[in-house]
Amino acid sequence: MALTKEQIAQRIAKELRDGYYVNLGIGIPTLVANYIPPGIEVVLQSENGLLGMGPFPFEGDEDPDLINAGKQTVTTVPGSVFFDSAMSFGMIRAGKVDLTVLGAMEVSEEGDIASWKIPGKLVKGMGGAMDLVASARNIIVAMMHTNTKGESKLLQKCSLPLTGVRCIKKIVTDIAVLEVTNGGFKLLERAPGVSIKEIISKTTGRLRVEGEIPEMKF
Amino acid sequence: MNKVVQNADEAIKDIQDGAVLMLGGFGLCGIPENCITALVKKEVKNLTCISNNAGVDDFGIGLLLQKRQLKKMIASYVGENSEFERQLLSGELEVELIPQGTLATRCLAAGYGFPVFYTPAGVGTEVAQGKEVRNFNGKDYLMEYAFDADFSIVKAWMGDTHGNLIFKETARNFNPLVAMAGRITIAEVEKLFPAGQLDPNIIHTPGIYVHRIFQGSNYEKRIEQRTVRKRK
Amino acid sequence: MNKVVQNADEAIKDIQDGAVLMLGGFGLCGIPENCITALVKKEVKNLTCISNNAGVDDFGIGLLLQKRQLKKMIASYVGENSEFERQLLSGELEVELIPQGTLATRCLAAGYGFPVFYTPAGVGTEVAQGKEVRNFNGKDYLMEYAFDADFSIVKAWMGDTHGNLIFKETARNFNPLVAMAGRITIAEVEKLFPAGQLDPNIIHTPGIYVHRIFQGSNYEKRIEQRTVRKRK
Amino acid sequence: MALTKEQIAQRIAKELRDGYYVNLGIGIPTLVANYIPPGIEVVLQSENGLLGMGPFPFEGDEDPDLINAGKQTVTTVPGSVFFDSAMSFGMIRAGKVDLTVLGAMEVSEEGDIASWKIPGKLVKGMGGAMDLVASARNIIVAMMHTNTKGESKLLQKCSLPLTGVRCIKKIVTDIAVLEVTNGGFKLLERAPGVSIKEIISKTTGRLRVEGEIPEMKF
């Protein structure tokens, strides 16, 4: 069974370590915050200028001056701190954020990522994505394995305009966990009940399948 | 050292057609609402606006778009605005998209007197076209230039007559950076105090960067994405 | 996210001979007194210290000089210290003098992930020797590198268990910059609070830059130049 | 009569304009603060991180956390603000400080300045002087016209290691006010009772004496 978006987030949450500072992108990555394992404390960074992002406010408590990078109303947690956008990207560029999770349209077997622009469609902009992928020490892409047409999003080369080059380390899709290695995508785990054959058929880029491939655990 | 002007109209009175403006704010958070309204009223045209976003159809920079006062928009993300899309597709409006961290740092560079800086953002992408690429410690960086704008317009929470500013929560965002970067910086504040009333330890923007200040009024502070939890 | 250590001895316990240290402070103002005392006690040798000044004979970095624990000092101004002069003239101590703004910005660059920056300070002087000179907009600039230190040691007024820091008055000086620049940053504070007690709007150094924090004790806060007016 | 140091400071104070942000160096420049003309408001910047430097504290009110760039205990004034050293030199580099006054050992007719190092003597460092002279829009040097050996400090070329090149605009000495021009030092004013002949004899660099040279007024 392919994972739901919530399950993708849940699987990514297992990559969190105690004391991590984490930047979660819009979409599936945002959901990761709902699955932080017990006993693990992480601080969420929002690139519009907040460390220590809390959950959505209770109805009626929304504060227009307190939003996240997705422009959603949020809250703070004890130990939160606000800063300006230059410092925000400064700490990202300096490698102080331990983990970045973001979505993608395509990832190449060399770790290139395309996520911001589709030729012929109206372009909304890259926001902070180019800064994040170029700077972060550790990036996980959260995405569906194939696009709405059923085509693989894990390619030899990205076909869409790039967001960054050779920057993605790990990918969690609805059917697999993969690591970007010198020899292409290395299959680490498969979704429960999903066959290696299915993953192979849905992966256009070079795929390394070595030894036993365990099913994901939650 | 009194930099107080009466209102937004007076603050922006010498902004002429064709001016290059920088505006603080992220989405609709921390935007200079009063000055935008005054710019609409003044009907200045052919503006170049540098700001992280372009507002929504009927709020923020969107109000200037409605009146076709913009020639060019420099931003990192411009979704949520159908009039913007229409003008862009029809060729009425020029758009330059730049990475958010690069946008922030081009302000910082102007305020700190750095002519250029190097960032890895955009290396290997179309953003790198025409730019110097240079390798330091095994990593490639793009050379980016400091902004040079005629006017900076920001919104702060509190300010004093010397132009010292304090921002609230994530309404800080680009505001202190934009404030540092303009040749003339205009600040509108929710609460204006006499000099000496703000704790000098907690000021975000020193008044030396601010040329005009006024207390704004009727802040709408529209929320773009109202996301809430149910109370138990 | 609790970064609290017991005391200075624990905070510096893995600083080894030959380490490169950055220290906050300007003159004797805002210096990490407790950590300096602990470094003297630990008798680590061959240290390289980056700090705006080198203290006085019997206070600040001068205490490390007394025990000949320094191999090299990188500073902008090193007067007021006769032991320093003696070691310098005898060749025991290496000294690298760099302009104060360059020193501050080399810290900022490290904390903001800029490999280099350009500054006009020192163009045409001996400081420019061996450095790239580049002209932007008709003005010459020197290329300077970000610092890369093993440990940063700073002194703050207030801090919390997450490592968030607030500095007092001009004791801020280089401290927030040094705090951003080290691979491992140690902060000693006059008052340590549980996370959530400090207003998130007024924090100078976000905890993400700080790895260890402790409440210091017995601050002497020596005044270097006591200048006063007579009361009427 | 040659001016006293206080009178040099007093003459420089006449260059202040209402609304100026001013950085005053150690020595004679510091004294300028005592002669700010009535009706003129200036804000003093101290490069260790203070805008709005006030006078020395009253006895007993000294605060070790509140010093100026000369490490002297000072006070704040209404509207003061503290910041870190990077921002301090940032505002200097960006040309936000309207006037910088500092001392010098030598000034050349091209506006070069030497002020930090004497070969053979122990060097204490340049502090913020190189940043200030390279960045400030408007710099006045306050110094004696000759050194303790009676030699001119206004030279064709500086003999000592430089602090900055082509940066000094104006010089106020104990006997003259001079402007640095393309054609050398232009004599603007002379100290009361000091002859042009004396100024010529004490100036080694090229000196332009054109028309009437008025006496300084206080």
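Letters are used for the chains, namely A, B, C and D, taken in the order the chains are written, and counting of residues starts over at 1 for each.
By our rule, contacts are C-beta pairs under 8 Å (C-beta built on N, C-alpha and C of every residue); 3 or more make two chains touch, one makes a residue touch a chain.
As the structure is a computational prediction, the values presented were derived from the model and not from experiment.
Student: Quick one: how many steps at least from chain A to chain C, stepping chain to touching chain?
Tutor: Contact-graph shortest path, chain A to chain C, evaluates to 1.
Student: Which one of the chains is farthest from chain C, going by Cα centres?
Tutor: Centre of mass proxy via C-alpha means gives A as farthest from chain C.
Student: Counting C-beta pairs in contact, does A-B beat B-D or the other way around?
Tutor: Taking the two pairs in turn, the one with more contacts turns out to be A-B.
Student: Using mean C-alpha positions as chain centres, tell me how far chain B is from chain C in Å, no decimals.
Tutor: Centres of chain B and chain C (C-alpha means) sit 33 Å apart.
Student: Measure off the straight-line distance from the CA centroid of chain A to the CA centroid of chain B, and report it in whole Å.
Tutor: 28
Student: With chain centres taken as the means of their Cα atoms, state the distance from chain B to chain D in Å.
Tutor: Once rounded, the distance between the two centres reads 37 Å.
Student: Could you please state the distance in Å, as a whole number, between where the Cα atoms of chain A are centred and where those of chain D are centred?
Tutor: Chain centroid spacing, chain A to chain D, equals 56 Å.
Student: Where in chain B do residues touch two or more other chains at once?
Tutor: If we look for residues of chain B contacting two or more partner chains, we find 105, 112-114, 119-120, 167-169, 172, 200-201.
Student: Among the residues of chain A, which are close enough to touch at least two other chains?
Tutor: If we look for residues of chain A contacting two or more partner chains, we find 76, 82-83, 86, 89-90, 92-93, 135.
Student: Given the complex with chain B, which residues does chain A contribute to the contact?
Tutor: Within the complex, chain A contacts chain B at residues 46-50, 55-68, 70-74, 76, 82-86, 88-90, 92-93, 112, 122-131, 134-135, 161-166.
Student: Looking at the complex, which residues from chain A come into contact with chain C?
Tutor: Listed in rising order, the residues are 19, 21, 41, 43, 45, 51-52, 76-83, 86-87, 89-97, 135.
Student: Please name which positions on chain B make contact with chain D in the complex.
Tutor: For chain B paired with chain D, touching residues are 1, 110-114, 160-162, 164, 180, 194-196, 200-201, 203, 206-209.
Student: Of all residues in chain C, which touch chain B in the complex?
Tutor: Of all residues in chain C, those touching chain B are 105, 112-120, 136-137, 139, 141, 166-169, 172, 200-202.
Student: Under the stated contact criterion, what part of chain B meets chain A in this complex?
Tutor: 26-30, 52, 75-79, 85, 88-89, 97, 99-105, 107-108, 119-127, 157, 167-177, 204, 221-231
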